Structure formats: C-alpha cells, structure tokens
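To keep things simple, chains are lettered A, B, C and D as they appear, and every chain counts its residues starting from 1.
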Amino acid sequence: MGEHKRIGILTSGGDCAGLNAVIRAVTHRAVGTYGWDVMGIYRATQGLMSRPVQAIELDLDKVDSILTKGGTMLGTTNKGNPFAFPMPDGTFHDCSEDIIEGYRQLGLDALIGIGGDGSLAILRKIAQQGNLNFVAIPKTIDNDVGITERSIGFDTAVNIATEALDRLHFTAASHDRVMILEVMGRDAGHIAISAGIAGGADVILIPEIPYTLDNVCRKIQEHQAQGRNFSLVVVSEAVCTEQGETVTWSDRFGECRLGGIGQYLADRLSTCTGAETRVTVLGHTQRGGIPSPLDRLIASAFGVAAVDLIADEKYDHMVTWQQRQVVYVPIQEALGHYQAVDPQGTLVKTARGLQICLGD
Amino acid sequence: MGEHKRIGILTSGGDCAGLNAVIRAVTHRAVGTYGWDVMGIYRATQGLMSRPVQAIELDLDKVDSILTKGGTMLGTTNKGNPFAFPMPDGTFHDCSEDIIEGYRQLGLDALIGIGGDGSLAILRKIAQQGNLNFVAIPKTIDNDVGITERSIGFDTAVNIATEALDRLHFTAASHDRVMILEVMGRDAGHIAISAGIAGGADVILIPEIPYTLDNVCRKIQEHQAQGRNFSLVVVSEAVCTEQGETVTWSDRFGECRLGGIGQYLADRLSTCTGAETRVTVLGHTQRGGIPSPLDRLIASAFGVAAVDLIADEKYDHMVTWQQRQVVYVPIQEALGHYQAVDPQGTLVKTARGLQICLGD
Amino acid sequence: MGEHKRIGILTSGGDCAGLNAVIRAVTHRAVGTYGWDVMGIYRATQGLMSRPVQAIELDLDKVDSILTKGGTMLGTTNKGNPFAFPMPDGTFHDCSEDIIEGYRQLGLDALIGIGGDGSLAILRKIAQQGNLNFVAIPKTIDNDVGITERSIGFDTAVNIATEALDRLHFTAASHDRVMILEVMGRDAGHIAISAGIAGGADVILIPEIPYTLDNVCRKIQEHQAQGRNFSLVVVSEAVCTEQGETVTWSDRFGECRLGGIGQYLADRLSTCTGAETRVTVLGHTQRGGIPSPLDRLIASAFGVAAVDLIADEKYDHMVTWQQRQVVYVPIQEALGHYQAVDPQGTLVKTARGLQICLGD
Amino acid sequence: MGEHKRIGILTSGGDCAGLNAVIRAVTHRAVGTYGWDVMGIYRATQGLMSRPVQAIELDLDKVDSILTKGGTMLGTTNKGNPFAFPMPDGTFHDCSEDIIEGYRQLGLDALIGIGGDGSLAILRKIAQQGNLNFVAIPKTIDNDVGITERSIGFDTAVNIATEALDRLHFTAASHDRVMILEVMGRDAGHIAISAGIAGGADVILIPEIPYTLDNVCRKIQEHQAQGRNFSLVVVSEAVCTEQGETVTWSDRFGECRLGGIGQYLADRLSTCTGAETRVTVLGHTQRGGIPSPLDRLIASAFGVAAVDLIADEKYDHMVTWQQRQVVYVPIQEALGHYQAVDPQGTLVKTARGLQICLGD
C-alpha cells in the first residue's frame, strides 16, 4: 500500500450539503485502508494561517455520525482572499506564506481542498507557490465548476428549491397569485433552471439568458387569458434588475446589484399584470439540508478517489464526475472551463419544450 | 338517515394545508353515507355573491385525489370584507344580501364554512342576518382560534418552519453565523414558539412576550463567550420593531409595522454582536405543503363531524379538537376565546427550561 | 432553586423517535437551570444491574446535537424482565435488588424513567421496593399509555406509515393492485387507524375491532364493481389471523400469532377477489426516523416538566399531555387506564364516515 | 414545424416515479408546441389489443397536475408477453397483430414507448413486425438499461431506500441489532449499492458480486470486537441464497429463488453472530413515491426529446442521458448493453474504500 503519509483536508468557500460525507470518506480511505494520518484543518485556510495551526486529527470515531449532516464539521469561511487578507487594523496582508508554513508545521505530505472554482484557484496558487502537494474536490451548490458533471451540494440545493415550488404551487392556485421564488446561484442559473423544470415553473429567469419584463408579463397575461390565474416564477439571485431602459443580464464579470431581484420582480409583475404577487427568499436553507443520497454518493466517491490520487502521488489534479465514474483531470483544465447553463443545451431546450418562459 | 339535504361548503381566509382533506371528508360523509347533494362554492363568499353563483357539485370522483394536496380546490380569498366589499369603481358595497341570495339560489339547506376566527365571524354574521343554517370548521396556520386545541394547517406549518431551522443549523455552525428565520403568525406566536422549540432555536421572539434587543444581544454574546459561535433566531412576522426608543410588543389590536422584522433583527444583531447574520423569509411555503398526517386526520374528523352536525340540525356550532375527540361548541363561544400563546403555559415554560431566550 | 440534586435518566422498552429530545431537555433543565448532576444510564435497567454501573455524566455539550436524532443515545433494551432476568446459564434471576443497589452506587436522589406501560410498571415496582424517587415519562409508538393524549414517538410513527401509504397509492393505481401495508402496534391499533385515515386507506384492520375476511373481500369487490381496480389495506401487526372457522380479534390478553398478518391477508384477498396483491412490512423503520416536530416538542416539554417534578419532590408521578399542556398524574392512575382505540370514538367514527371498511 | 402528426404514448413494465412527468412533457411538446394530437394508451400494449382500443386524447389540462405524482396516469402492466399472452381459457395467444391493428385504428403516425429493457425489446419487435414508427424512453428503478447513465425512477428509488437506512441506523444503534434491508433490483444491484453507500451500510450484497456468509459474519463480528454492536446490511432482492454448500451469486440468466433473501440473511446472521436481527422489506414503496427533482428533470427532458425525435422522423431510437445531455441512440444498441454494477467501477471502489463488506 505504499509508504505512510500524513495528509490534511480542508473545506473552503460557502458550505453545502455533502462536505461531511467527503471528510468521512477521506478518513475511511486514508486511516482505515492505508493507515495514514489525517488532519482536519479548521475554517479553510484560516486554520493554516493561525498559530498554533487549528486542526484536529481525524479517526473513524470522529466521522462516525456525520454522513447525514449538512454543513462541515471543520467549518469554512468565504471571508477574505488569503493573498489580501483583511487585518483587524484595516490593512490587507498576504497570508499565503503563513498558510504554506502552517502546512509544514502540520508535517503534511499532501492536502485535499474541497471548494468551488474561486477557492480552488486560490488553493492551487498557494500550492504552486509553496510546492505543496495538492488535490482538489469540487463542491458548490451552483454546479458551475467545469468538466465535472456534478459538484457536491448541487443536488440537495435543487431538491430544496423544488420542494419550495411544490409548496408554492398549491397556495398560488388557491389564491390566484403570482409567486416568485428567489433561489441561490451567484453566477450560474443551474439551480433555477433545474428546480424550475422539476417544480413546474411557468417562468424561469437565469443570468445566462437576457430577459425583458415585457416578455414575462406577456406570459402571465396569457395564462390569465386562458383562465389559469396563477403563475410560478423562479429567479436566480444573480439575475440583474435594470440597466438603462431595459432589463438585461450581466455576464459573469459584469456589474449587477445582487439581492432583491425577487421583490423587484414582484413589484413590476404586480403592476403589469394586476395580479397579487408574493415573494419567498429561500436563502441559506438551500445550503444546509441533510445531503441527498446522490450528494452523499458522489461525495463518498470523491473522498475515496482523492485519497487514491495522493496514494498515486498524482498531484495538482481534481476529481470529477463523468458518466457515472470518477475521472481525474488537471485542476487547471477544470478551472479553465467555467460551466454556465448552456443556452443551446438540454435544460434550456427542455424548458422551452415545456413552454416555460425564459424571458427572452 | 333522516331527510335528504343539499349543503354548501366554502373555504375562506388564507389557505393552508388540509383544506382539501376537509372537502373530501364532507363529500364522503354527505354524498357517500347520507346520499345528500354537496355544492362546492368557489372563492369563499365571492362565489355566492357572483351571478351566476360560482359553485360545483361535488361527488366522490371529484375529491378522489385531493387528500394529499395543499391549498383548496375551491379557491379562497382574503380580499375584502363582504360587508364593505371593494368595488371596481373604488366604492365599498355591502354584499351580505347578495351572499344570502346566492345561498338561496343554490337551494342550500345548510352551509359549512372553513375559516379562521376573522372569516368565521363574518360568515356567522351573514348566517344570522339571513337566517341561514351554518356550521363552522376552524383552520389557520396561526392556531389562534379559541377552544379547539388544533386548527387545520397548523401542524404542517410548524413542520415546514422546523425543517427550515434544521437546515439553517448546519450552515450556521459551518460559518459561525447568526441565522434569523422569519415565520408566519400574524397575531399569535404559536408557529414561532413551536418550531423554535422543536428546531433547537436559541432565541424565539413572539408577539405575546415583549422583548428588548439588549436581551437578545446578550444571549448571543453569551454563546460567543462560551465558544459557540452561531445562533438561531426565530421571529414571528407579527413581532414589532420599535416604538419610540425601546422595542416593545404590540397586542392584537395595537399598531405595528408588519413585515421586515427578520431583516431588522439581522441588522441590529450584526451591529451589537459583530456576528455575520443572514435572513430567511419562508413566506407562503408555510401554507402550501402537502398536509401532514395529523392535519389530514383532524381535517377528516372535522369534515365528517360537521356533516353530522347538519344531520342533527345542530347549527351555529363549530367542530373543535379536544383531548383527541371532536367536540361541538357554539361558534360564539369559540370566537370569544382568542387563543394567544400563554406566557405562563407549557410552551413558554418549556422554552425557558431549555434556556431559550424569549427576549424578556 | 432548592437543594442540589443528582438524578439519573434511562430509556427502556422499544426505542422510538424523540427519546433523545427528552434526554436533551432533562439535561438542559437539570444542569443548565438548576445546576444539578445528571447521570445517563445505559441500556435501561441493565446499566444499573451491571458492575460497575454503566452510566455517563451528561452535560450540555453531550446533548448538543441529539435533538433531531432518532433512537436513544443511552441505548435501551426490551430483553428480559428484571424480576426474572435470563442468565447466561439458562436460569432466571431476580435482578431488582441489583438495580436498586446500582441506583445507590450512583448516588442518585431521583430517577427519570422513559418507557411504555410495560416498562414503566416494572420500574415503578422496583422504585417502590427500593424506596427510590421515581418519575415517569410515557413513550411508545403505539400510543396506548393511559391518561396522556400523546406518548413520545407516536406522531413520527404515524408519519412514516402514512408516507408509505402515499407511495403505495400511486403504484397500486398504476397496476390495479391491492396493496397491504403491515404496520406496528403490538396491542393497540392507533398507528393503523391514524395512518389509514390520513393516507386514504380503503380498509383498516385493528385489534380492537373484530373483522371477517368476507367483509374485507366484499369491500374490495365493490370497488372493482365501481371500476376502481385498486385498494389500500392497512393492518396492525397485532391483528390475528384465524381462530377456528372465523377470523376474529384477540383482546389484549388473548392468544394470537403475531407476525405475518400482512402476507396472510395478501393470500386470502388475492383468492377471494382475483386481484394481484403485494405486501409491505415497514418494520423498524417506524421507530427510527428523525423525530417529527410534534414529537420533539412534547419530548422537550416532558423532559423539562419531569425535572420540575423532581425539584418539587413530587415523586411517583408521570408527565402527561392533555389539552396542549403538561399535566402530572400518579403513575398508578395512568397505568390503570390502558388506552386502546375506542370503537365508539372519533377515529372510528371518522373512518366510517369516510366509508373505510373496518372489517366488521 | 413540419406536418401535423398524431402520436401515441404508453407506459409498460413495472411502474416507477417520473412516468407522469414524461407524459406531461410529451403532451406539452407535441400539443403545446407542435399542435399535434397525442393519444394516451391505457395499460401498455393491453390498451392497443383491446377493442375498442383503450386510449384517451391528452391535452394540457389533463396533464396539468401530474408532475409530482408517482405511478402513471395511463396505467401499466407487466402481466403477459404479448407474443404469448395468457388467455382466460388457459391458452396463450400471439397478440402482436392485434396491437399493430390497434395502432392503426388509432390512426397513429408514431408511438412513444416508456419501458425497461424487457418491455422495450418487445415493443421494438412489434414495431418492426408492423412497420410502426417507434421511439423509446428508458425507465426502470433498477437502472440497468444500457448506454443511458440514468433511467427514470432510479433516483427516487435510491432516495427511498436510503431514507429507510437512515431510519434503521438509529434504532439499530439503540438496540444493538443487525438490521437487514431488502431492496428491489431484480437483476442488477444499483439500488442496493447506491443506497448502501449513501446510507452508511456496513454490508452490501448485490447479484453482481458473489458472497459467502462467512465473510459477512466476520465483518459483523469485527464490529462487535471493536465495541460497535450494530450493523446495517443492504441486500438486493436478486441476491441468491444457496446453491449446494456455498452461497453464490446467479448471473442474469441463472436460476435463483427470488424473494425472502432478507429473512434468510437475518436467520443466518443471527446464528453466526449471536446478534438480534430484524428485517425490513420495502417492497413497492420504492416504486411509488413522489418523483425526485432529478427524476422529474430527466423525465421532462426525455419527453421533450422523444417528441423531437418524431418531428425529425428519426425512428427506432431511444433517448438517453449522457453527460447531462439527452443523446439519441439506436434502440438496438442500448438494449445490447445490459448495464449491471461494474465490479471494477467507481461504486464498488467507493464501497471498498469506505470499508463496506461486499461479501467477497
């Protein structure tokens, strides 16, 4: 089984369902199968920049009951880029060398980082700078990491958003209302379009497809004209409100006021259609649920595979899910393929086939 | 089985889970057992004031698959008091006689009304004015109708709010955040305190108990001092923000700005504790879920019993749930006992026993 | 707050959802509010008869994450009456004095026992024999403990059984099958009748009401004659198969072969109706789920109130749930009122009102 | 949009969650977008062999509320191969020409068949015989149809089985028991291994991997030796009991007594380990649930894409799910690749990495 190793694991960026399942799988594979040491590092890179380093040695007992728990037992953070970390005195400090030094103080042979594309890019940069052995696992409720078909946390988030639509359907119909559900998805509309199709939405607005309020109003008015007096609208939080006269989309790097798009739509749609509107903002409930079986399965597969990558000393790679198998790809390659909703892809075609208004 | 009857049924006020189960039970009992006619009236009293009257004859087929559906197949409305109903021209019209006339046009022998205390009081007033035979069934997610231990829809609403807390717990712990969940409860805090206890909240704010921000901040700071860096706060939408310098509660008839209390708390608690705060507003998802088994059970019992009240020609009564049995009480008596959360009762004692901060 | 106390808590009999919520509430009230010591005793009375006594001191940290967990962190057992306990050598031993001695070795001032009517009666007998201070909390998925409207674990069990019916409904209809669901309920039919009503069953068989196969067959044939080719049958595991020529019920103390009633019905109903039949045996999934919010709420209220009983030195009492409040009753009184399904009560009337066949 | 068409749709084989979502999507695409006629054929090919043909014209209203319903509104059957159909007189009749004639009587231009590999092979044979225009959609909770990564119904079945494991975990731990969960999977172990990994099973037995009882007993005894006194065992219903002295697996076409493997294991494991064992047989609850969002999404995509296949007159093809897209493949090709669990694949590697005993 090769030489003994001592590895670290950390969770970074926003939390999601399935992180604990990864930690459990890594521990089982590394400690249980290989007899290695596993250090769980607290609060992403902050655990490595703290002195003493904040970490805990993981064993099978410590991960025994975490499989079904949302969140991460190691904590995480999305406060602060370690290359320009906000200090208490208001200045910014490059903490990358502190992190590298923390890795060495822990005596690590390799590090497993679980994160989205933003935090994985940062971790990889640090690893290159310090010549650290780094392996990546993709997680994000937004499912926008490239190459991999699924990132951990996405399935659970879609389930929670769809369940909310199922509930809103009943009350919308009872009161003849237009219900607006604002879901997460900071740059990509995967949650919105997946939950919208699964939950029978009438309108789905995602950042990848420009929309006009006129189109949305027309759709709802058509419903009204046909005698169906309620509608369900799903909107990604990343959808923008207005730029100049028309409401358009922002691309990933554009300017856009995040937050409040649900209420904005409620106000405008009420005006143009005369319907009563109501808004639900699911917020962080989308991150925190009991992980779905699929998220647990993929998380477990990723955890085992990431340890095997280290056993093979195949660093600077990410585990991905492709065609029901784990496939290793260079991190650089994965991060180079940002994965937005494809306006020509199956999901969009399906939505159009179901006569769902996408606003365009 | 007594003489043949023709009865009407309507759902009024805000919708909730379990209304369809009542409609199904009424139909089974009246049509299936007694061989009566049942007319389902659309959109509460609006169906009766429309010409022609908007109603549908119900039979076993029409209610065959509605048991598990939220909302109401008959529609409902909480727009407009029929004694001062808003007309398209901006004036207000007393529609009570139109409603009474609608009842007669349908040839009804009796009417079953499902509603909260507000709409049941109105229906009773109309029934008295027109000498109609009226029987009441209590529903409200707020559970504030007097005498009955449970109103239809409450259990489901508590389940949904508790599930949200369960989800927020994980993500709060992962990010060291203070999570605020704003739940429904327009006058009474039953949802907030029940879900708060069941979901392990640290702070529960209800309209029945005055609170100060200082007390809430202190509770969260105590947590922080003990090394537990996250907290869960549940607040009823009816809780007021500020009156003058201090934050106090409004009683049922007081003035209070509804809406936005969750965000208000998030801003203030962030300031006083330094913690990151996030808000979830569940909104109408609390009304619309698949009814819980308990709501379906009580709804079924109420539906059957209401028909039996009519068979016995015992009008002006409401069915209530007491000690696991249906008990009939005069409507007047039930509506005379508004049921707020008892500040000396079991729920409050339990919350205090669990060291939950109630803000006082 | 009175003098310092050292109390024990144990869970006995079959496990169910909500036991951990009781343990958590007891710890919060006793340790958090009163500053007492709480010893959690392992595996019911077996922890007290072991040497050394098997127990753990409970504090707020140890109960921090158990609220939403099914089962009991202390373990339990329903193997062996302590007054005639099976020894490894095949003999039976009266262990009651060992248990009393265990209580003394732990230095307890009082003991909280959570159990069904069987185990509570045993615990009370031991307490009387040893002059121990004993307080009881009722739990049982069967809901057959007297006086209290609800015992811990019942609501969750009904939810799980109802959910199974909801699922079977779809597949029964798709294949024109008669689906039989065998649910728990060793002596009483509360789960079967509650889930049956809530889940839209066509036939409900409970031990409290004698049935004949002829009646059940006739009901299914009526369905077939009306063109509805599927039926849902719920049967309590306690329902008997046959005695002599006719199928009759056993009362609580009668003889009856437990187990297999579901398959028995499937065979007979297939023969008499010609329909395809399928059986689901939910088994222990009914015990193990995440506790429902209502079970958590009642468990929390019971836990706090049981500690307050001890603070008041009001021993030999049980906490009960009546009219949404905790009410104290002498244990003897509660155990003297076995609570079967009342053949004249609301549930049976509701089932009949919904035209559900009860087999009689 | 091409010429007007009149198409038929039928669901065949065992039902599962998501069939209604397909029917809805087909109707939306064909009626809503293209303005075609859609005939829903009842009970698979039996609707076509009946006279008059049993079918219903589908429109948007008829499919309006079926998205979240399990089962199939069209009914299905797995009774009888139409090439040797059992007649009331005990003989067998080749009904293929009747089915072809039924297709012509309905005036169909094309037929969409939703089924597993068995029923799709039969439908294709009939289509070839009658020169019918046929398009296939894969569904099966077993997920064993080739080429496609997912078949409709699989995700929901895994969710239900995993949920059962989650529940059994608690009660197993409380009582120190070995819990055996028997899940569906007639030929392939996909449900068992997916749910087993996701639900934290200790032992997973699937038909693709031979096992010995000795290996399973040893695993449980190791647990016992380490002080963990409970275990969770998941077994596929297709796993065989014994052949001669040793317990071995059957391949897909081998002989094997189906049914009862759960109880068989319970008896043997109780004997060899001394532990208490309990069995749960989920049965048809695995087929009938509310479809998971993922099943609804894939079903919707398949439904839209199948209609588009017909619009393109690209017959004899099946829609498949590959890399998050719908891909068309010749039916023959898909059915030629039976998809068992790969003993060298990611799922098996993951299970071994988690130290789950697979019996070999």
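Going forward, a residue touches a chain if its C-beta (ideal position, glycine included) is under 8 Å from a C-beta of that chain, and two chains touch if they have at least 3 such contacts.
All values derive from a computational prediction rather than experimental measurement.
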| item | value |
| --- | --- |
| Chain D against chain A, contact positions shared by both copies (same if over half, else different) | same |
| Farthest chain (mean CA position) relative to chain D | B |
| Where chain A and chain D are represented by their mean Cα positions, the distance between them in whole Å | 30 |
| Interchain centroid distance [CA atoms averaged], chain A/chain C, Å | 41 |
| Contacts with 2+ other chains: residues of chain C | 166 |
| Residues of chain C touching chain D in the complex | 11, 14-15, 17, 19, 69-72, 75-79, 160, 164, 166-176, 179, 276, 278-285, 287-290 |
| Chain D-touching residues of chain A, taken from the complex the two chains share | 24-25, 28-29, 32-33, 67-68, 149, 155, 158-159, 162, 166, 194-195, 197-200, 292-294, 296-297, 300-301, 303-305, 307-308, 322-326, 345-347, 349-350, 352-355 |
